[in-house]
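If you scroll down you'll find the structure; I have some questions about it.
All chains are identified by letter, namely A, B, C and D, in their written order; residue positions are counted from 1 within each chain.
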Amino acid sequence: MTPPAEQWTDVVGVVAVAALGAAYGRGVHELWARRGHGAVVPSWRAGAFVLGLAIVLVAQQGPVHDAAERSLAGHMAQHMLLMLGAAPLLAAGCAGLPVTLATPRPLRQVTHRVRTSAPARWLRRPLTAALVAAGVHTVVLWAWHLPLPYEWAEASAPVHAVEHASMVGAAWLLWAGVVAPASRRLSPPIGLLMLFAAGMPAAALGAVLTFAPEPIYDVPSGPRALADQQLAGLVMWIPMDVLMLVAAVVLFLGWLADLERRSPAGRDLRPGLPEEVPT
Amino acid sequence: MTVSTAEQLRTGVGPRDIAHLEREWGERPSLHSWFATVDHKRIGRRYMVTAGIFFIIAGTDAMIMRTQLARPNSTLLSPEEYNQLFTMHGTAMIFLFATPMFFGFGNFLVPLMIGARDMAFPRLNAFGYWVFVFAGSVMFASQFVGAAPDGGWFGYVPLTDRPYSAGINLDVYCLGLLFLGVSTTAGAINFIVTALKLRAPGMSLNRVPLFVWAIVGTSFMVVFALPALNLANAMLFLDRRFGTHFFDPAHGGNTLLWQHLFWIFGHPDVYIIVMPALGIVSAVLPAFCRRGVAAYPLMVLSIVTIAIISFGVWVHHMFATGLPQLSYSFFSAASTLITIPSGIQIFAWLATMLKGQIRARTPFLFVVGFVVTFVLGGFTGVMFAITAFDQQVTDSYFVVAHFHYVLFGGAVFPMIAGIYFWLPKFTGRMYAERLGRWAFWLVFVGFNTTFLPMHVSGLFGMPRRVYTYPTGLGWDAWNLIATVGAYVLAIGLLLVLTSVVRAIRWGPPAPPDPWEADTLEWATSSPPRPYNFAVIPQVHSVHPMWDRRTRDGLARGEALSGHRTPQTSELDGQHERDTDMPEESLMPLITAVGILVLVLGLLWGWYWVAGMGATVLAGTLARWLWPPERSPQEAGIVS
Amino acid sequence: MRRSVSTRLLWASASAGVLALVFSLTGCSGGQQSTLDAVGPGARRTEGLWWLFFGISMGIFVEVMALLGWALWRRRRSRVRIKDGDAVGFISALGVVVPLLILILVYGVGLRDLNALAAPDDEPTVNVDVVGHRWWWEIHYPDRPQAVTANEIHIPVGESVRIRLTTADVQHSFWVPQLMPKTDLIAGKVNSTWLRADRPGRYRGQCAEYCGQQHAFMALLVIAESRPQFDSWLAGLVPPTDEPLTDAEQRGRAVFARSACATCHTVRGTSATATVGPDLTNVGGRWSLGAGAAPNDPGHLGGWIVNSQTIKPGNAMPPQPVAPGDLPDLIAYLRSLG
Amino acid sequence: MTTAELPETVREAITPQALATEMPSGRTTGWWGMVLLVATEATIFAALLGSYFYVRFQSGPQWPPPPLEDPKLTKVLIMTALLLPSSVPVMWAERGIRKGQQWRLRAGLAITFLLGSAFLGMQALEYAENLTKYTFTTNAYGSLFYTTTTFHALHVTVGLLMVGWLLAASLRGAFGYRRHERVRLTAIYWHFVDLVWVAIFVCLYLAPRL
């Protein structure tokens, strides 16, 4: 039987997700009602957000949850589902405005004040934002995979929930810089640097797990603990790298295309002395 | 160079402007200015000449090795001599020849191609050159006194650690490379900043020549990869000299840590070497195919993706070390993936040739030679990427064959193409076409005769780094052929050298733009005046020299006076301001001497000398960067 | 002039390809250390991979050469209208899609073989511990604690042998090309591999990781023989102490015991038990001296004892001042071992 | 005054795009040079910390290796408390000189100099205590610990030299609101030294307990 603490955490988690979804839905509804369907938040973004929430739920329950309980690799797969599946989708949903709209007025005023304060504005400067996002991502990822925090999370459901929430949050922050609508996105070169800065330490973590000669975590595991841990390392490593590479390529090509629109490179020229222009 | 009257009439720049610029930028030919120069063209040429000399020494090392290996059981060399030879050959070719040679090209060409008057940090540039010369000289000096590094170019521990390597040899290796790292890093930062900030107005990033992209990509790899090597070498030095235990398993250290660190650097490094070469190919082709390189965005994309993926494949050099099987499958996949961007480039060049109007002059021939050999070398690379196969052939001559195909075929062929192509710009003289063709055929045939047989001897089980081998294993013939080929190759390279010397001595003067090429370096005289461009070009196209507006602008524009160059925005190339450029100075040289003293002090264990060197270093740096005296108004002081 | 250049180029490229083909066809045989003459399941995998890769590479090479040749041959004269975009399809097809398909195939095959190399499909019957030294191989049969030898491994034909690899000093690499790809010997780490020979024979191997001065002479021999032969060889590794010795041999034994030999070497059943150099209990029967540096015959043995540094400079054995009169006895004794 | 009445240039300067770019004044070559220097140095530290974790996870469950105990935190917390805030006076000084206020520059730099020196002093004390237990030749842990922290201390020293050098130059009145590039660059370096300390603190002092 699942212990009560775990049940409670489950309930809280589901309620939180539901609340977020409800607030988002309400905000989007309001926006669309005022400005017409698909305004401000296009419907595909809304869909992405819902899908992201669904993935969060799926990752926490049922077979995924069981796999995560069974093996380290399963657990890492769960993390990756949250960080690479759910988070980018949630980020694509650009939930800021809709959720703010759905919150009660006093709260909204507070958030507004915070958002417009000097430190917050400083934090939103592209370079700072990129560095902070990459930094937070790295810290969250590494901190939770150190032996002790990992074992805490294994042992206690609430800690585990905090772990997952912080991972989704950090990844959300990171990917928001890349998938948000153009006006709030980081400029592509900075986005590229951010992905590189976040990707390298993440890969290093994967490498540590993969190459460790002994099981790192003191958690009950089967006889193939080491193989499991190696697989877990790769699960951390490959999907993230692949996704980041794809994102980098897309970003880069998009950026070049954009530059090309603004200042065409004039590539269809030929050599030979051009004709004299009349003065 | 005299500018023809017709040329002069066409520019909107009067003789007064020219005289003024000459005064501002010209460096009096004197001993002082020889040591103090900060002109990127002089520094670039020096880089190339110095790297060329190092190439000849390292190549001669290889010839001695090949002579030893021509027959089995040869006793020409003792094992110690042989081991020093191949280590110095590899180390010097990689660190003292290939990278600095391309840095020389970059130094000379990047400012010209982007329409700037110098590098972003001219003094840092001079400093980088002096450090390079000193580091190279220290390393080669060790060879002449018989104390050269002998641990192979990747210096695996524990062999290179105490107690297995007692003499000073490996200290030279780790200190020398650390020393050199200073120069390479400085150069890389300089390239990036130059390319970002000093581009001529209008040169948005999608109008940047592919060669410049390649140099920037290379420089980014240097910035993020070289630290791993520097750290590894610093650790090795500490282990050897001060008894730390980074790599000592008996005290909790780890020998594989060295391999990881080395190859995290080492793999990006092979692209650091080849990327500028690919850039040269992209610069040479338009002139001889009379059209731009096809699919520019894809070319840029492949530069960027190579730079990124190259950081994720290093374990393919460690496929036999018994790391987890699972991780091998990952690195194997990543290593096969990295061929895609190379394939894109190859087929883009083929498309360029297919769609262009080919003029097969010597530089073009070397590009064709490059395509043939690089593709072959790339194939063997893909074979290694498949772990199971690599475990069989790693550390055999098959690997030696691979990396010479990619290093010589992939990097040196384009390099020679570049030398012929830009010789008019470097020296103001034209080379002789016939001699060039002869050189090409000798180099091409010699190269393949040297290195193709190594595939076979490798497959027949000949390990690398053996000073001799017994007869009867089926290796004798292949080695003999390789040696013969090496001599043919050497003659071919001698012809290349001859054509360069001949051109400088007796070649006919070169016009500003002998090839009708597309980039801005052809917009100035050959060789360019110290200020490069009297009129700063306004760029409208990725082929500015084929673009009427740019040419008109150059012809009619006003000269930018003063010791200044424009700065533009990073992405769009919008003009921001004109900045003053630093004058010639002895500080770079003195600073470099400071580091030299520091390194020599460490090498011999005279720590007080090292301390003195460090003091000189700090003092000169402080002096160098001391802000000029300013009046309160000028500084903007509010009391 | 123009035409002739392109023809020559074509010719050269084509001949380079043909040359490569010829090279590799002659390569089928190779010598006693050839990867293309596999006699074990491991090496056969990689040999198969080689021919697959070779075929594919030549295919792509021909394709690239054909395109290059065509470009050089056709030599467009007219100034065609140039649109850069117009090659993107060509480049993506030939530079991305086709290579990707090929790479997926190659990768899949490679992965299959990598798994096959990981472990034999039958349970190994023999265990061998290999310890790398500069510059020789110490061989143990752990199932028989007394069985120690150097630079040669006997294995029964058709049976899998598990090999445990460690090093006493720097990194080495264990490589017997006809049987199995290599595995490194790494300080502070235990690696393992396995071997199986399908035919009786002598398969040469060599240290493949640069390990210093005499890396070139760190060879070993794998001798695959029938099970009974193997068993008797293994049993013979521990010499019976009561074996009769000739006079010369007896004198030689005394010389061995009293000179410096015994401070470095072991001869089991005698008072010599040092472990600096290789165990000499069966030195007489080995295939070589100094791990491939010289043949194992009386002349070389004498030379080796007097001054091995002329045969294999840098090895750990100093020249031995054995009295000229004693040398033949010593040689006779050592030859009698094993 | 509504926005429409503002002069064109001002209006341009306060459009959302203009406000969104991080440095309205444009980045100089010096800025880029310093940022890239910091990037490559940060990579060295990353490689150093990566090596630390590599050795840690390769060397079995006990970390630091047995007779040694987890590093003590008291002194290190004080060090952190000294170094972390030292970025603030630099920032304050830089803001000041942007407005041409030399006194702020001088005061800010002086405070930073004191904090940084105090940090180094504390570190010396910390070393004095640690060295009685283990040195850099004890084992790989010791090697990594001392190398990493010494390398950082070296950076603090360089940073202090730079700050001191700026202070000296500022006393001679070299900077003002028009000329303060070097202040800006030194500030970047100092922030970097500061941030690296956080990473070291977390990895070397906190992580062994986790």
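Simple rule for what comes next: contacts are C-beta pairs under 8 Å (C-beta built on N, C-alpha and C of every residue); 3 or more make two chains touch, one makes a residue touch a chain.
Just so you know, these numbers come straight off a predicted model, no measurement behind them.
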Chain whose averaged C-alpha position falls nearest the assembly-wide average: B
Which of B-C and A-D has more C-beta contact pairs: B-C
Gap in Å, rounded to a whole number, between the CA centres of chain D and chain A: 28
Geometric centre distance via CA averages, chain D-chain C, whole Å: 52
Approximate Å spacing (C-alpha centroids) for the pair chain A, chain C: 50
For chain B paired with chain C, centre-to-centre distance based on mean C-alpha positions, whole Å: 36
Interface hub residues of chain A, defined as touching at least two other chains: 200, 211, 213, 267-270, 272
Per-residue overlap in chain B, given as positions that touch at least 2 other chains: 253-254, 256, 290-292, 296, 333
Per-residue multi-chain contacts in chain D, two or more chains: 46, 54, 58
Chain C residues within the chain B interface of the complex: 2, 5-6, 8-9, 12-13, 16, 19-20, 23-24, 26-27, 29-36, 43, 45-46, 49-50, 53, 57, 60-61, 64-65, 67-68, 70-72, 74-80, 82, 84-88, 90-92, 94-96, 99-100, 103, 106-107, 109-111, 113-118, 134, 169-171, 173, 175, 177, 181-184, 186-189, 191-192, 204, 206-216, 292, 313-314
Chain B to chain D touching residues, read off their complex: 120-121, 124, 185, 188-190, 192-193, 196-198, 223-224, 226-228, 230-231, 235, 238-239, 242-246, 248, 251-254, 256-257, 260-261, 264, 567, 569-570, 576-577, 579, 618, 622, 625-630, 632, 634-639
Touching residues on chain B, where the partner in the complex is chain A: 202, 204-207, 286-287, 290-292, 296-297, 300-301, 304-305, 308-309, 311-312, 323-324, 326-327, 330, 333-334, 516-518, 540-543, 545-548, 551-552, 571-573
Residues of chain D touching chain A in the complex: 20-22, 46, 50, 53-54, 57-58, 60-61, 202, 207, 209-210
Residues of chain D that touch chain B when the two form their complex: 26-29, 32-33, 36-37, 39-41, 43-44, 46-48, 51, 54-55, 58-59, 65, 99-102, 136-144, 147, 161, 165, 169, 172-179, 182
